[in-house]
Amino acid sequence: MAGSVATSQTILVVGGGIAGMTAALEAAECGKEVVLIEKSPTLGGRTTLLYRYFPKMCHPICGLEINLRRLKGNRRVRVLTLAEPVAVSGTRGDYTAQIRLAPRYVNDNCTACGECARAVTAEIPNPFDYNLGRIKAAYLPHAMAYPQRYVLDPSIIGSEDADRAKAACRYGAVDLDMKEETVELKVGAVVWATGWQPYDAARIQPYGYGRLRNVVTSVEFERLADPRGPTGGRILRPSDGREAKNVAFIQCAGSRDENHLRHCSRVCCMASLKQTQYVHEAWGEEARSTVYYIDIRAIDRFEDFYRRVQADPTVSFVKSKVARIEEDRASGDVILHGVDTEGYHRYAARHDLAVLAIGMEPALRAVEVPPDLPFDASGFIEAGAGGMFGAGCAAAPLDVNRAVQSATAAALRAIQVVNKTADVETI
Amino acid sequence: MAETKTAAYICQGCGIGERLSTRQLAQIAQKEGKMALVREHPFLCGAEGVGLIRDDIEREAVTHVLIAACSRRAKTEAFHFPTVALARANLREGVLWSQPEADEAAGLTQEMANDYVRMGCAELKKTKLPLGNPLAATNRRILVVGGGVSGLTAALEAARAGYQVVLVEKERALGGWAAKLHKRVPFREPHADPADTGIEQLIAQVTGHPRIRVHLGATLLETRGAPGRFSVQVSVESGAAVTEEVGSIVQATGFTLYDAGKLPALGYGKTPDVVDQAGLERLARQAAAAGGAIRRPSDGAEVGSVVFVQCAGQRDEGGSHLPYCSGHCCATSIKQAMYFKDANPEVDTVVIYTDLRVPGSGEDFYRSAQRKGVTFTKGRVASVEPASGGCKVSFRDLILDEDVALEADLVVLATGQVPNSGVNIELADDDPAKAAQVPILNLAYRQGKDMPQLKHGFTDSHFICFPYETRRTGIYAAGPVRRPMDMAQAVEDATGAALKAIQAVENAAAGRAAHPRSGDLSYPIVRIEGCTQCKRCTVECPFGAIDEDESRFPVFNESRCRRCGTCMGACPVRVIGFENYSVDTVGAQIKAVDMPDEFSEKPRVLLLACENDAYPALDMAALQRRVYSAFVRVIPVRCLGSVNTIWITDALNSGYDGVMLMGCKHGEDYQCHFVKGSELANYRMGKIDDTLKQLGLETERVATYEVAITDVARVARLIDDYVAKILEIGLSPMKGFA
Amino acid sequence: MAKKEYAFYPGCSSQLKASAANYLTSTRSLCRVLDIKLTEIPDWNCCGASIGYAEGGELPRLALNARNFALAESHLPGQDIVATCAACWLSARETKERLDASAELMRETNEALAAAGLHYKGEVAVRHMVEVLIEDFGYEALAQPVVKPLAGIKFAGYVGCQTNRPFGIAGESFENPMYLDKMVETVGGEAVTGYDQKVTCCGGALAFSEAEKSQKQIRDIVESAYDHGADMIVTPCPLCQANVEIYQSEINKKQGTKFHMPVLYYSQLMTVAYGGSAREAGLDGQLIRAEKLEEIAAKG
Amino acid sequence: MSGERYRNSFLREVEHNVEEGHWVKMCMQCGVCSGSCPFGPHWAHPPQELFMMIRAGKREEVLGSDAMWMCTSCYNCVVRCPRKLPITHIMHGLANYAHRLGLAPKNQPTRQFAKMFWDNLSKTGRVNELKLSLGLYFKDGFKQGIRNALAMKDIGLGMLKAKRLNPLELVKPHACKGAKDIHAILAKAKEIEDRRKGLSA
C-alpha cells in the first residue's frame, strides 16, 4: 500500500495533532506529497480535547474544522490512522520508515451510521475523555473524528459483541479479520510532531493524585468543563458529583521541579488563568478560584488576559508552591497547606476541588531513529543537521499558537530536503 | 466547453431508504428539478455507487452531479469528482438524523427531504465548475523587508528551498539588533552560558547566497499588485529607485526599544549609570573590545555591583507605558548578569523582578545564573536615583515585605519592544498620531499603506490555530513586528513566514485561493457594466483585495482575494459572484422550496448558516440525534458576510415566515475566519428592519445569531425557539402573493 | 552457617536497659527464627544523631560514623552494616553518601580517623533492618515462619520520618509508604487504611527541648490512630516509639485525653507471630502494655 | 547600611562556613519548604525566608534567629524542594554556625539540649540517656530540676519498670572502650573543620 507510493520526494509527518496536521497541510499546500500518520483512530490530537483556548476563549474544534476541510480538499496528503512508526533508517533525503498499522476492524465502507455501537453492549473508559467517562466498545472517537469512521476496541474482538457489531453493519464495514501489519515507507524527510503527554500526576506525591478523590489534572478539568465531556460541561467533583465552586489551581505540578520535570511547561499558567474563567462562567459570583503559583508566566500580549483575570473578583492569587494536600474525610474537601511567600503567611485552605496544572513531557517513546535526530535531556527534539525535524511540543513545551508556528517552520525545512536545494546546515 | 448534462443520485443508505420515499425524491428531481439523469442507490458512497457515478460522467457525459445523501462534510473522499460541478443535498444529517423517527412525523420529514432535493437541483443548475483564476500570476520571487535576524532567516530559508529572494534593509548594514549584542541567550543544552550571536555567519550566508539579492540603505517607495505579481519600487542607497518584481512578501521590520527617556522615575537620563539593555550590550562590547571589565559610563570605574530592573515601562497598568510583556527581557537580564559574573564572580548582581518569565529550558538558564551567584529578588522598584558613587535603587521587597534601598554602580532597565509596523491604517487620516507614522510597505492599496495592526501596534494574526493569517494575502509578518519575542522564536517565526510566502506564490501561480479556503479555484467574477461605483466592495473587503481604478470602478485582485464573498454580500446591484457560489445559486435554492399556503399552519423558516461553524454544529447535533423543527430549511454560506440582503427580501417575498442567520462571534475576540464577515452581516441586518417595515412585516422575521461550532445543543434549541416565536406571531402575510 | 550475616549497629537506644531495649530483644528473636546472624560492630559508637549538629558541626559527625565504618570494614569485612535505629541508619547512610560524593571530605575524614590509627576504605554498605527484611527476604519469605497470625488486631503503621525521608525504604513513596502495612499483613494482622498521620513528625529530639510543640504532633498521631480504629501503633523507629508511647500519659494529664495506645516495633509483631514468648518479643518493655499481643503470645 | 544590603558578602560567608551553605543561592522562593515543616507555625522565619534574608544580607537577624533551631530533622522540605536543596542540613549548618559564633539565642532550649547531647555522647562515645534526661531537667538549676523530675517521675519509673532506663547508668554507663580514640578523632575533625572555615577553636 502506502509504501509503494511514497518516494524520496515524500514528506512523512508523524503525529496527527494540530502540529502534525499543520506541517502536513502547509507542505501539501506548497505542492508537496505528504504522508501523515497518527497513532490514535482520529486526527486532532490533544487540542481537540481542550474545551477552549486562551486568550480568546475560542473553541479548538473551530480551527480543526478548517484544517479538516483543507485536508479533504487536498489530495496530496495521505492519512494513516492507528499508525505508529517503529523504526526509521537512512539519511537526509533518503529515509525508510517502518510503520505499524493497528487493526481498526472497520473498513472505509463505514458510513458512521452508528448501528454497530447500538449493537455492542461492552463499554470501555473513553480515551478521548482522559478515561473519565465510558463509551461503547464500538465507537466514533468524537463528533469531529476524522476519518469519520467507527472503531472496534480490540478488547471485544473474538467476543459475541464483535459478532453483533458485524451483524449490525449493513455495509460490510466491520472486518473482524483485520490484522496488525507493518508497512515500509520511503521518504525524503520526516517531521516529528509527536506531541506531548501530561506528566504522571501520581508521582507528585504530596498532592495525592489518585489517593485523594478531588484532585484532578488540568487536562481532566478541560473535559469536566466541556459540554462534550463526561459531565456535559458541568463542573462537578469526582468524589460526590457535587458542584465544584471553590477551585484551587496548583501551578508547576511537575514542572520547574528537579524531582520531576526540569523545564517550565509554558502553557500551564495561561491554562489555569483560562480555567478560572470556566469556573466563573459556571457559577457566577459564587465562583471562587485560587491560583497558587511561583511566577505567573503570561508572556507578551497574554499579559492582557492575566490582567483581566486579576481584575476578576472571583479569582485570587497566592505566591506559593503548595506543600501538600490533605483530604477532609467527612466532606471530601481538599485542604491545601503551604505558605504565601509574599510576606510569610501560612495557610490551610479548604477547596471543593484541586486542579493540578500538570506539566508537559514529550510523548515520543521507543522509536529507533538515526543519530541525525538529536534529543535534549528532557526528551525534546533539538535542531539537527539531518532531514528529520521536531515540530510543536515534540520540540519544546509550547502553546497551540507557537506549536503551529513551529510546525510551519518544520514543514519548510522538510521541503528544503525534498527539493534537494538546501545548503549545508551550519549549526 | 461541453454542454450541460445534469444528474441526481439519491442514496438509500443509513436508513434514508427506510424512512423516506426515495422514489418520490427521484420524481421530484426529474420533474421539478429537471435532472437529465436520476438514479437511486442503496449505498451510494460504496465502491459500486461511486463507480456508477464515474461511469455516468465518462459514458453519459454528465457535467453536473447532485448527491442527495449525507452532509457535504461527510464522505468527501468518496464523492470526489474534480471534473464536474457538484452539489450535495443533505438528507442524512439535515433530515433523517434531526427528525423524530415516529411514524406521525414521517410526512413532515418527507416534505423536508423533498425540499432539499429541490434546492439541490436548483443550486446545481446555477453552478459552474470552477476552473481557477485565468489571470494566474506566476512570479515566485520573495521579497523580505528587514535585515535583522528575522529577515535574514526568512531570506535564507526561502532561498534554501530553491526560491529567489530580494532583501531590503533600511540601514547600511545587515544584522539589526543581533549585530548590536555582545552575546545572545543560548538556544541549546545545557542552556548554561551566553552564546555567540552567530550573526556574522548568518549575514555571510545571506550575502553569499546565489539566490539572494540584498539592497542596503533601502526603503520601499511603493508596493502594488498582488501575490504572484507584486511590483515594488525600492529606493536604494544611491538614491535611485529600482523596481523589483516579486510574488510575495515577508515583513520582518523588527522593533524599536521603548524609550527609557520616558522613565525618569527609574533614573534614566538623571545619571549615565542607568542604562537600558541595549546600553548594557554596548558597554559589554566596549569591554570585550578593550579586553577588560565592564566599566560604568559616569567615571569609567569598573562595575562592582549592578542591579537589573525588570519590566521597566512594561506590564504597565497605569496606561502611560507598554501594557504588555516583551517576553525576552528576563532571559536577557540573566544573560547580561552573566556578563559580569563570568568575568568576575565578586561582582554583585541583583535582578529585581515581579514574575520571572523564562519558559521551557529557560529554567535551566535561570538555574545557571543562580549557580553563578546572581541574586534574584521579587520586588517592585519605586525609584532609581543618582547617589554618591552610583545609584540608589529603592524598592519593595515582596518576599521580605519591606521597603528597602540598595546601592549599585550600575542599573540596567529592562525596557520593552515596540514594533516597527509602519502606519496604523485604522486611524483617521487627520489623526496626528497617524501623521507621525512613517509607512513601511507603502502599499498602493485602497485600504491603506501598511498591514492592519491587531493589538498594541503589533501586526500579529488574531487566530490561535493560524498564526500567519494576516489580512493582506501574500504578505506575512515575521519576528518582533508581529509579537514581542526573543531571537530563538524570531528564527522559528521567520522560517514559518518564509513557508507561507512560498505557499502564497504557489497558490497564486495555480490560481488557487489561500487560507482559509485553500485550494478553492473559484474567484469573484464581476459584471462590471452593471457596477454603480458605490465602493462598498472596495471598502468592506476584509482583506483589502479590491482597489479602484481611475474611473472608480472596482479592480478585483483575484490572488489577494480569500473567496469569502463579502463583496458579493455587499453589492447592492448584485454584479459580483463566483462560479459555484453566487446570488443565483443561493437565490434559486430559496425559491425552489415548496411553500405551503397560509392555511397549512406549516411555517417555513430559512436558515443561512456559516459553513465554518454553524453548519458543522448542525451536523454534530444531528450526529447526536438532536431533533429540531421540520419547518426549517438550511442553506450553508461561505461566510455571513457573503449574505446579500436580496436573499432575505426574496425569501420574505416568496412567503417564508422567518429568516435565521447564524454566523461567528464578532467584536474584539471575533471568531469569523474572514475577520469582518459576521460583523458586517450583523451591521447589514441591523438596517433591514426598515425594509421589513416597508413590507409590513414584524422585525422578528429576521434574526441574527452568534453561533460557535461547539453550540451543538444550542443550535437545535435556537431553531425550535424561533419556530415557536413565528407560530406565536403568526405566519407571514406575504404568503398569498408569492 | 547462618543464611545471612550482617555487621550489626544497634545504636545507643537499642542497648540492654536502654530506651529501646525491647527493640533489641525482639530483633534478636526474629533473627534467630529467620536464621540471620547479627554481629555487633565491635566497640561501635554513637552516630551523633541529627541533633548532634549544634556542637558537633559537620566533620566531627562524619568522623564519628566513619569510625564505625572503619571498624566494620576491618572486623567484619564484606558484611553490610545493618541498623535498627532510624537515626543511626540515616546518619550513617548520609555520611556514606557524602563521603562517596566528596573526595575532599573523605580525605579530611580519614585524616581525623588517623588520629586513632583508623582508616575508612569506603567499601561498606549501610542498610536498615527493614530493608534487609524486605529486600533480602521479601514478604513471602517473612510470612513462612508465621505460626500465630496476629488475627483480629488492627495496627496503625506509623512510619514517621527518618526511615522514610530522604532515602525511603525499597523505593516507596514518601507520602504514603506501604511497607509497614504490608509487614503487618504478612504476620496476619490488619493494617488500618488511610491512616493520615503515617509520616507525621513526632518532634524527634525536640520532644525534649520543645515538649509542647512535640506533644501536639504526638497527639495528632495517636488521635488519628484511634480515629481509624487501630488497637495499636507499630513503628520502625526507636525515637518515634519512645515519644509516641511515653508522652501519652503527659498529654492525658495536660489535655484530659484518655490515650492508652500501645506502640510497638514491627520486630515485636514478627516475634510474636513467629511463636516467640512475650519476653522474647520484649513486650515486658512496654509502658502501655499490648494486652492483645500478649494474649496471642501466651497461647500455646 | 543599605550599601551592604543585597550584596553577596553574607551569602559568601554562609557558603564558606555553613554546612551545605553553597545551596542557599539556588532557592527560587517557592516556599514549599516553609509549608512542609511540622514546626512551621513556630518559626519566626521559615527556611525559604531565611534564604532570602541571607541573600539580602541580614546577617544579625539570621544568625540571631531561633528559627533554624525549630528543625526537627523530618526531611519533608528536602524531599519536596523542586531545586533539591538539602534544607535540613542547611538549617543544622546555620544553627551550628550561629552557635559557634555565639550569636545564637542564649536560652534556646534546643540549642542547650543539642549541646548537652553532644557533650554527653562525646564523653564516652555513646549516649547516656539517664544523665541526658537528668541534665535536661536540671538545666535551669536544681530547684526547677527537681520540679521537672517530679513532673516526669511516672514516666521515669515506668521506664525503670520496663527495664528501659538503668539507674546504674549513673555509675557504670554504657561506654566505648575506645573513648580516648574518639576524643582524638573528634578533636582532629574539629581542628580540620575550623582550619577550613578559618575559625579559631
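A, B, C and D label the chains in the order they appear, each numbered from 1.
Basically, a residue touches a chain if its C-beta (ideal position, glycine included) is under 8 Å from a C-beta of that chain, and two chains touch if they have at least 3 such contacts.
Computed from a predicted model, the values in this text were never measured in an experiment.
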Exercise. Hey, which chain is the most central one here, using CA centres?
Worked result: A
Problem set entry | More contacts between chains, A-C or A-B | A-B
Exercise. What whole-number Å value describes the gap between the mean CA coordinates of chain C and chain D?
Worked result: 22
Seminar exercise, completed: Taking each chain's mean CA coordinate, chain B and chain C are separated, in whole Å, by 67
Exercise. Once you find the CA centre of chain A and the CA centre of chain C, what distance in Å lies between them?
Worked result: 46
Problem set entry | Sites on chain C at which at least two other chains make contact | 174
For this session: Find every residue in chain B that makes contact with two or more other chains and list them.
Result: 356, 378, 399-400
For this session: Would you mind listing the residues of chain D that make contact with two or more other chains?
Result: 28-29, 49, 76, 79, 83
For this session: Please categorise the chain-chain contact pattern as a line, ring, star, complete graph or other.
Result: other
Seminar exercise, completed: Each pair of chains that touches is included here, namely A-B, A-C, A-D, B-D, C-D
For this session: Going by the contact rule at the top, pick out the chain B residues touching chain D in the complex.
Result: 305, 346, 348, 350, 356, 366-367, 370-371, 373, 375-378, 392, 397, 399-400, 404-407
Problem set entry | Contact footprint of chain A on chain C as seen in their complex | 173-176, 194, 196
For this session: State the interface residues of chain D toward chain A in the complex, per the touch definition above.
Result: 28-36, 40-41, 45-46, 48-49, 76, 79-80, 82-84
Exercise. In the complex formed with chain C, which residues of chain D make contact?
Worked result: 19, 38-39, 42, 70, 72-76, 78-79, 88, 92-93, 95-96, 99-100, 104, 109-115, 117-119, 121-122, 125-127, 129, 133, 136, 152, 154-155, 158-159, 162-166, 168-169, 174, 176-178, 181-182, 184-190, 192-193, 196
For this session: Going by the contact rule at the top, pick out the chain B residues touching chain A in the complex.
Result: 13-15, 43, 45-46, 70, 73-77, 80, 157, 160-162, 187-189, 201, 205, 209, 315, 317, 323-327, 355-364, 378, 398-401, 455-456, 458, 460, 462-468, 483-485, 489, 492-493, 495-496, 498-500, 502-503, 506-507, 515-516, 518-520, 612-613, 616, 620, 623-624, 665, 669, 671, 673, 708-710, 712-713
